[in-house]
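In what comes next, subunit A is part of two complexes: it sits with subunit B in the first one and with subunit C in the second one.
Entry: the complex of A and B
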């Protein structure tokens, strides 16, 4: 840690300068004094808060989870694969520029970008570990007459779903994550600008606080129910689990190998009701203590979960791999608060994001189990939904979806 | 800076540990290497990121501006001043606890709070410079049959206003600011919980990035138009300007002295249209350069503004004190992005907050001038509005509005 730049530490909110593989490898270096729930690995990476865009997998899946999210789902306004390819090419160029810039909003020459090349609100901000991750919904394939991956279709309806079409679906999704919300918002907005005439935003969602992590943390961040519900997540260092449960392998089409299926669910929490529930009842519902986050039968958050010690219909027990024949997903959700609902209640909850190799061995069986019995269902409701096939990593010189669109 | 705690610097997003007067006084100490637009004064304050709640003025007005906002307007569900006083007393106790805790969500004994005393989602987070500021709308006085301050009434309708009643007004407002959004959201939510049965949320707004500051910064943060529009703000160190333009003096009722009038405006930006406007046109509209933020006629952001050198109907010229006989306000606005508007456009803009001693020598003449001629009006629309009388500082042992409610 000797190289830790004093200046960088002193420059405010965008200080989490750990980046990519270096940050993951260095996770054990920090938090030895006192654990902190928001502490991502902070290293004096020479990259200055840059997570590489190119690689075997898209950034933003197994890479360290940033603090803030702007997620947008787009509808295409064209049936032409050529026009869509042109947009994705331009998006990729912009993404490379935005994610690699030491300062967002400056071009390769170091000069600040200006309209029409950039909207300008992020000039001078550090890259803030920005990642941009793209996926294609089932309707993308139908619209462009491209072959869908086998079995890839809209999610089934789950018991209790109350989905708003205006917050569901979309032909293309973009997940923008960064430690500075202005950097994430800026990125989506510039893709909107570039996509004008080819795609328009169908819905979008801001998330203000991550609720899980892919890097070992002393304590998992809390969701808006006050619980740590992202504890047993797949770690970025666990290549076997990633290969088994997250990355699509030879079973998928070429363009999807090394990619993943993304499920997005806007889960509204009835927090006013929850807040009038006793501590004991809340803990029974999760199967974890609230303060420490320890599973029933354990004393510390990271103690192993013994599902037989948890209440029968508790959230953690129902969703645990041991209850579902090993089913596991990589979670990457964010808390949201979007004002009020017109009835004097906060419109708040969890914007759930999960990546998996196979939806039928991932979100679908988990959500079937939860929808049927989860004690938590009294306090939550799924109000938005999307499912997307996210292509593998983008090689330098290529663009998002190139191998797929070449089939058109 | 020798006492700078290494641990605190390493603990993620909530690192801006500057606090209150110490931070203001120390503003000159930082940013000597390279200016950073998000850099608030960061000091090794022994207070650990705590801005004192008690004092001559409410915190959250002249104190250093934090990065994130949750603003909520409440409607009373009672006409009883006694019930309202009881709520404000309980709110004050909670506010003292939440703003002074070294870790939010821990009580005086250091034990983590749990339901029903706390909703729990902020356990373990640092205080993050949380401030809570309360104001009373004109309807508060009518409802409780209390004497309104002379001339205090709803704002006049301005040209171009398109106000949504569901995002306007409210009997009581709470402005929660913190460097960690989870801390700001937690604070409002706990006041909602405590107020249950006496008041309910009418509307609320999250802001993700501050657009102005009360502490001298090397560079002002940019708004979502990409411009620095908070440059000539009143500084926390400028006691004369604060006394002249922000704090209510002897002209006001006793309870309001040392307090201020707050105007909140939700200003939607038509950013898709803006983003297709040329750099030259954008700069002419503001009267400042985009990259540097220099006023026309100058070369650096903080160069003095010579209004006669600015385009006649430019935003900066129209709103400048020299154009309005010295009219000045303290701005404290935040950028927002709230998903989409159903027409494929981002619902984004500025949640404008301004404090002033006298509305008729503050927001009202400024907005009259802007509404009549501002070139920016083509790209913005005021869609929500509120005005509130914020009482003076709370003394230890007292509570928000005590002196006012004692008149009932």
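Entry: the complex of A and C
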């Protein structure tokens, strides 16, 4: 314990100093053994930092977007709420350890004759701002005979959807984000292992470059089409917007308050045809300039968007809150590339992740508008989909979904 | 990892526990006294503990030199290399001239092991070229205390498992004889029906058999694992002939004889397989690894698609080990018993859904979803089972 605190001070992981102590206390609750710090003290510059696991909201939603993603959707192999609660408890304990750069359980080099508790590929790596965020799909509630939050169901079918069931749905999802892909993959791998017998992976997705940012001072990252597509994202510091559009309030069940609804969409891009499209057409499709990212009618990226100045069916115009009566969502998408598709085409695109307080006031109206006439549709296709209710933050000593499963 | 390299790796890990790994001879009798001429012959039972000391003995027709003559009390493995021109016999005598143990008839150029448990005392080690006279002797001094006796429940589990292994090998040999007879007659239909059952005994004890690194590739190598220039023998060669080119089956009959001979060699060597609680538990885990990597993917039985037979046999073999170790595990980790009971039962119930006649449906009849469900159940069992060895070892 002492060495961990010291390490935190040495690393100067500013955000962690206060709440980080709570995370460590939580880890001690679940693991009576000596904690195994995953990393020796590291230089501040290389620390990567610790994002506190415990808090009013789950980390990984409004916290700053990291560079890498490993997302996994699981199917339950049981309908026993007790068994699921036990898994979530064990997952939480492991998450507390992993997000604070400790090894899972008794570590990666425990008893010689037993397989190690921790798989070990993150030994020596800093926390890398790892966040782990959990959500429950509609089928989770049906399977465990738990009351679904009002209006929470599978997304409606949108025009142009070509969803692959093998990359859609799932009873439980885990979003692991980190600055180091090894740290994100390590986290999911260890949760998968802990989940054997209770849940198994239905599908998963690696993402390598964030395409939107929740820190307004940052440059908006580009998607694989070369455009900035997250400029007007909700900022982590904009509490009013977060409360209005992201966090579930009194309208939701108690366990979901302070939580959010997550939509995940695997959006394939037809990269090759896009690359053969003239610059003008590309810009007209987005309604922004390519190099600067300025909206039509403006000169700088963050200039206000005047929707009437954008081409009628441009992507940004259709998706803009002003075109949708103020509807807005928090985006956390990542680029993905999964090799080629057998026809020599890059299997690449955007793994779109969006959080909202109300699906009917968030993703659904936006996607309806886009699916109907977005010029971009010629170059993209939605091929995977999932929707999940993400509970509110985890208090120290509690576990993911405790308040929900206690109803069972 | 190919079966061969895996078997070799197992030998590396268990080299001290499994004398068969280091023994180059093939079924030579190393057991009972064969007219040694000593007044009082009282060979001890084969020790069950792990070897704590290994002593090389360099022998020729006129010399016999032990690398170490002062030893700590414990289980000692004397390893004689015969560089003479005559066969030689290795003896260890107590101070009162009774025999502690012997290793008979070690051929020129061959090696032979004698594994004995030695309390403190003075002993005489003898090499007897041609089994003549008193041999060439030297004194061995043993000092210190013997480690505490092995838990009798462990001894019992090991004994019962050894008996189980022998039963399974006998079963596999008997059924393989019927199978080979059908192959020789060219009775393709009958041979096909007898193929999967003939492998059940083998699949139940495969990790023990793999300890004899050379047998596994001879009897169970898949075509996909063949190296350039390697001769392909064993069940899968006959499998391919039966399912892919049934008209040529009679020509393959000689491979049936080779298979039976190899299985006989295995049977002869079983008594020298040193089995411990942790090697049993690791074997159980390896059986499920076999399922997870080969059977659940349908790679093992590429032509006959009888993978579920092997699957079930692997699970049965793992369950047997678990069952025998349960009294020990119950005391040390009752939670693990609860988990493993549940997961074994669930996997069995799932497999039962695909039962057909005395066996199982073809692997090709399984849908992708069903295979996924089976894989999930194997993972659910294999993950907790991987903790068994550490618990069994205490």
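One rule holds for everything that comes next: the second predicted complex is superposed on the first by the 344 of 408 C-alpha atoms of A that agree within 3 Å, B and C clash if a C-alpha of one lies under 4 Å from a C-alpha of the other, contacts with A are read in each partner's own complex, and residues count from 1 in each chain.
One rule holds for everything that comes next: a contact is a pair of C-beta atoms (placed from the backbone, for glycine too) under 8 Å apart; a residue touches a chain by one contact, two chains touch by 3 or more.
In this text the structure is predicted, and so the values were computed from the model without any measurement.
Within the superposed three-chain arrangement, the count of touched residues of subunit A is higher for B, of the candidates subunit B and subunit C. Contact with both subunit B and subunit C is seen for A:115 once the two complexes are overlaid on the shared chain.
Of the two partner chains placed by the overlay, only subunit C lies in contact with A:197; subunit B stays clear of it. Touch criterion not met for A:370: it reaches neither subunit B nor subunit C. By the touch criterion stated above, A:132 is placed in contact with neither subunit B nor subunit C. Residues common to the contacts of subunit A with subunit B and with subunit C across the two structures: 114-115, 193, 196, 200.
For subunit A in complex with subunit C, the touching residues are 77, 111, 113-115, 193, 196-198, 200.
Contacts from subunit B toward subunit A in the complex involve residues 7, 9-16, 30-31, 33-34, 36-40, 42, 67-68, 70, 75, 112, 114-116, 119-125, 166-167, 179-182, 185, 188-189, 192-193, 196, 200-206, 208-209, 219, 221-227, 271-272, 274-279, 282, 290-291, 335, 337-340, 342, 344-346, 348. Against subunit A, in their complex, subunit C makes its touches with residues 278, 339, 343, 372-373, 375-377, 379-384, 386-387, 389-390, 393.
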